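Below is a structure I'd like to ask you about.
Note that the chains are named A, B, C, D, E and F in the order they appear, and that numbering of residues resets to 1 at the start of each chain.
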């Protein structure tokens, strides 16, 4: 490249750095959670909760307490470091946010300890709920050859596992980390569950790819959703003005939602025991035990097309 | 963390280990196929079948037989080890399964050799069929600049490649490994083809993401499906009682299925030459040469919205 | 394996090599771009454009010009090498293509320099447009806690970033590399944007998974699409005969398209300000400010099912 | 390469395989310890014994018992696997060896458990002795700024650490693994201590490179040796006939041996408190409190050389 | 392992942690430089100083200032972090040291900046001296085919490079890091140069392995030493009492020292232009232009030995 | 760092680039062999020659010809690439060298093929000689438990293996690559054998560290050398004027040389069957069957020292 051109391009981009502070932090003491470490916390939690499947070395039978205890201490240590980065990143930036209260620099250490303790204390209960999710998958999928299959390789279960961890941090008001977790699951499974969603036990996502569950969604017990299902919000261009408002639907107990259906809106309630057909687009509430189907499909039989080069339809 | 709290959390999780044997194998001589090795077998097969594209070192032109022979011997060696792990994992656990017969420990080695031999002998035919799939993609996608593009970078083709390998092991009754293979393709491409499906030659999945093809699906020749298509089962909460029953549809020759359509149910047959429109939800059979479209869409024109903060719809 | 069987299998596969030249290049001086290097170029560009987020070492505040200049020189160096591979791969193969003119071996070096220079000169403008995409995401998603969240973890934004880079190479007629880039984004995000599409500024893809945007699509400013949306072509089995023809729709300014909707066909125009409902299947033009919804959904309420073992629908 | 030449070279090497069974095991059920795993055991032991220095994650202060217990269980698990490989490799090959008794295949599992238990029980004592070695280095090297320096970066200490571990396995008659361990230390530090040597507490090797200590060497307490020192055997061409005979010297308490000195022979005893000068070549015993120096050095002063191109001496 | 035994071993080792604070830091806010990062600083400096040889991507010719500037900023950034760890590790521990003054916690940041600035300012001069070392190697070794050979693969040159960097930090009183650097060179080359040594320009170590140069050594210009040479101290068991005293020799200009010779003692001076023969053991000064040889070698010719099984000597 | 300082340092180093062309190649089309690839060739050759020991996957017994053939083709492919880099690096630079004839750019490809063919044809003979080296080690070391030990873990054998490969390229006049190979062995084993040395069969280096064998050394059959032995040249400051002259000794058959001895000079011949004692410094020829020992060692016994703080000697 000719140097004059190079210098001009460099200067343009450097100019963008100066005018867009969100892309270039000049603060020498910058803080941000480390993505690899956050993913490492998830992997370690998975090893503690499902020890015979993940990680090169499973615990031996002799005394699993040593394994669990050591893993938990490491998880806590790593979590503490990343929480500190996350709260310091957000410290003093409260005003542009309306969901999460600003935090003062001097309160960061106390917040970190508080969140750490609460999180660790919740782990046994999260573990218990995840075992109900395994049971729901086993009951809901005739193709599952064993519970081992589900734990080891079902992407829907992995996405729910990550959600349940991320949710515990979301309810404690932790910035950035829950999002990193949910996008980690999203990129591996195609399932995008916002950590803010509230999902009760025995939840099963079959085939997984393309499922979206929004931040203010509420889901009851024994709910089953298929690939491509959206539990979302209506669109807005109003940015953060609607943050905090309930924008996503409520799904009651024992509902089944088939592939590629969308249920949208904060006031939409799908009553208990209902079944939503595939590709349905639901923006209003339906009563309990409803069966929402799509009528209006038209079948016409025609002669085979002559020319292969034409469009098919 | 205070030690007393830590000890209590450790004890809760250890208690879950004791009551949920599926998460913690106490058997000292535990067996389970290694995920990385299974993925390695797929990568090696891809190198043998499409040698100029994958792996750091392609074979030179001089004598490709050395390359093929050496690769096949390594593949067989690695496959033998993983098959042994898979059959030993399943040995003696037959009663909770109704699809795959229980296997006695003393029969494992014979079964491994039998499967290995059958699998290796099938490779030339699998290779031949995959070349028809490349042709189908080239004929079906005007955006393909060459067959190289398809082999090297089409995720739909990669998913079909993995399916064709996994299927060969599925029909031999191999536990766990076919599922590991299909989830490997699933996580990389968003395409979830159950290894049990029967798919004939010249099959093409365009754009790939979100396609689901269930265990008992049957697909004819020259079928083309788009992203988001589900060939699935109706939902059940009955667990393994329906395992083995035909639960997924039959798609005859020369059918095209557009994006996000779902075809469900074991008795549903889509007749040869049919076209299913996007987002259609089909739970009953359609005759040959049908065109299934969705009528009932409503278009209304309205004045542009004044306030950006309102919901769009 | 018995050696006689092995030799026969080896021979079958070697035979396929001989008859299918697209799987085994016998040319000793073979050329093909390196996938890892192409992905490396994308990662380096992301570090230059959003320096505080990616890469182990962000630039310090002292003099970012050194960082930008050094990164750009490395990017150019790596790009030059891969461009050379790509043009040499395509050199002398022009006849099977109808989109991209054949190139003579002796013209490769000049073409490489021409493309390199044009690409580097476009980077400041690409950078500016990407900052409008960040703004669109921030305005369009109440769940975004900050612009940092979008840059760091929104898969829709990542897919758009990769598209904008790949598009610059596509318009210069570069073979193979734009496709490698778009499949890199596709495999990580489930979003498949063909590098040939023309997409104006302030573009936002929410939740991302399953979006497909075809090669001849045209998209205006301030367009917002949701997960599972297809902007595609009608199906054809005519292969490359339709290459170069406009096969994908035109979406005008300020359009919103909800989850899992499909808009197909090269003559289909969605007028400015329109909203397309989820799961809609649109194959004809709609005027400006239209609201396309799906009527014909049927809700029936029924008594809860008695037997869990039956199908739900 | 022309194929005919290639085939001939291949055949020559294949012929060597057939005639030299030590380079190509045709036994399908071959066994051999894994080098990486053996090195991993050493690294894990180092983490347990010097926890604040090695490994990415040191234990926290809360409850180191969890850390120690979990690490020991993993070490034992890995050691058990490698011991099994080592004994199976040696099983049935006893006749060519005269040091280590042949072992029957059916005794392997019992031997593995026996060695494992003995080894683990010795660890606290090995730990105690290593702390005396740290003290000896601190007392013996004015350049050591702290004990941390010694533990973290002295190659002589690392070589002694590996020796003390390998020796525990040597005395249990373990094949192959002690040698892998000593060569691991050798390649990293240039110190070659045969695992059979008997070395008492407070041992210090300064600067390390080039030290050799033979299999039947005996070393007392508070011995200090410098770089390049050999405690070796006289040369023989008689192969394994001398295996088991004491071939290396005895060094009593409080001896100092300077750089590049050699002390050879199984009957050579260096009496307590002696000092051996650098480059000495000692093949006979010296009494206690001896000072062995090299006389006979000649110094002559001469005029500076005129021509730079001549040899210097 | 039986749990009771395991618990006892765990308890023994935990007890050692409690009584040996140097192996287990209970301070929650522990600090220690990271070995990998320190090695990374050396690698980056090597890339800046010899850019065409090391690192995957050499700078292009266009504008090397961008490359140098960016590399230096990264080096400074990384160095600053590790210096901070090193000074914090040492802070408040001054009393057990007699060489390096204690440092107060509140002075750490100022010291870090001071050292950083001094170090960066010295780099051009260090670069200049290293180019004299390359020249000395080229003049001193007829086997060097080019200067490229020396820079790229001579271990003696690498050890001198690392020494010259480490020395700059040593003279600034930096703890731990200079030692990590010198042991990095030591483990790769077998050359142990204490960072405290003072070595003038045009220094050449041929063949390298086994050379030791002590902390208080002084070396003039144009000195050449061969493999196995020790410039050391007399032995002491007095620990740190002799720290800071000149314990190693002075080598004046134009001296050559042959393989495996040792020159010991703080008052020993080897006069300019002298040559020391191989294996010499020098503990007293020699005047300028001396030739120190070892007389007293005895050659006797004897009949070939009959029996191969006897010792050779 | 203050920017003004930074800019000045950058400028100093950039100035060094301009004045020292050996550190910064401005040639845009620069060539240099890749170190990692050269090491990879050695590893692959080791796998072919000792297949059951190295590499993750050993060949199975079924048909090793596939393994050998495929490995050889890959080795040749990789060697060809690196040879091309090496000859292009040297092309047109012949005048500063007096050993290796200059090579014209247009002759590079022919030279590469010539060297490749010669090298591959020599492999069976090199293999045969290496098996004699294994035998010599087994006969010469009572501590070797088996030939497997020698092949798998003796550093002296590894150094000889690398030398025998590098020598084959040296005699063909290949630039740079032989040196990269010998330094690879040197850094791992501490043995520095110049690829130009001529070493006959049944050669054994025991314990290895510190051995140096110069470029014009000649060694007969059944020679055994110990750690620290130098077969070197007398020192010179005359640079390349002596390149090509025989500067290193000749060692005849059946000679044994003990630890740390040096034999120097091109006219020095050690007659067949001789034994050289440790630390001897030999610069003149000795007749056949000589025993060269060092007399003149002095032993004095003295009272134990009182004060620990004094120097020991």
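One rule holds for everything that comes next: a contact is a pair of C-beta atoms (placed from the backbone, for glycine too) under 8 Å apart; a residue touches a chain by one contact, two chains touch by 3 or more.
Being a predicted model, the structure only gives us computed values, none of them experimental.
Participant: Looking at the contacts, which chains touch chain B and chain C alike?
Facilitator: Joint contacts, listed by label: A, F.
Participant: State the pair with the higher C-beta contact count; candidates are B-D and D-F.
Facilitator: Higher C-beta contact count between the two pairs: D-F.
Participant: Identify, among C-E, B-D or B-C, the interface equivalent of A-B, where equivalent means over half of the contact pairs coincide by residue number.
Facilitator: Overlap exceeds half of the contact pairs only for B-C.
Participant: Can you work out the whole-Å distance between the CA centroids of chain A and chain D?
Facilitator: So the centroids are 52 Å from each other.
Participant: Between chain A and chain F, what is the gap in Å from one C-alpha centre to the other?
Facilitator: 57
Participant: Could you tell me the distance, in whole angstrom, between the mean C-alpha positions of chain D and chain E?
Facilitator: So the centre of chain D lies 24 Å away from the centre of chain E.
Participant: Of all residues in chain E, which are in touch with two or more distinct other chains?
Facilitator: In chain E, 1, 6, 10, 59-60, 62-63, 65-66, 69, 73, 76, 190, 209-210, 228, 233, 235-238, 241-242, 256, 258, 260, 264, 275, 277, 279-280, 293-296, 312-313 touch at least two other chains.
Participant: If you go through all the chains, which pairs of them touch?
Facilitator: After working through each pair, the chains in contact turn out to be A-B, A-C, A-D, A-E, B-C, B-D, B-F, C-E, C-F, D-E, D-F, E-F.
Participant: Report the residues of chain D in contact with chain A in the complex, numbered from low to high.
Facilitator: Chain D reaches chain A through residues 57, 59-60, 62-63, 65-67, 69-71, 73-74, 76-78.
Participant: Considering only the defined contacts, which chain A positions touch chain C in the complex?
Facilitator: So the residues of chain A in touch with chain C come to 1, 5-7, 9-14, 16-17, 20, 22-26, 28, 30, 32, 89, 93, 96-97, 99-100, 175-176, 179-180, 183, 186-187, 190-192, 194, 196, 209-210, 212, 214-215, 228, 230, 232-233, 235-245, 247, 256, 258, 260-262, 264, 273, 275, 277, 279-282, 286-296, 308-313.
Participant: Quick check: in the complex, which residue numbers of chain D touch chain B?
Facilitator: 1, 3, 6, 10, 62-63, 66
Participant: Using the touch definition from the top, list the residues of chain E that touch chain F in their complex.
Facilitator: Against chain F, the touching part of chain E is residues 48-53, 58-61, 64-65, 68-69, 72-73, 76, 116-117, 120-121, 123-124, 127-128, 131, 134, 138-140, 142-149, 151-155, 188-190, 207-210, 222, 224, 226-228, 233-238, 241-242, 256, 258-260, 264-265, 275, 277-280, 283, 293-304, 312-313.
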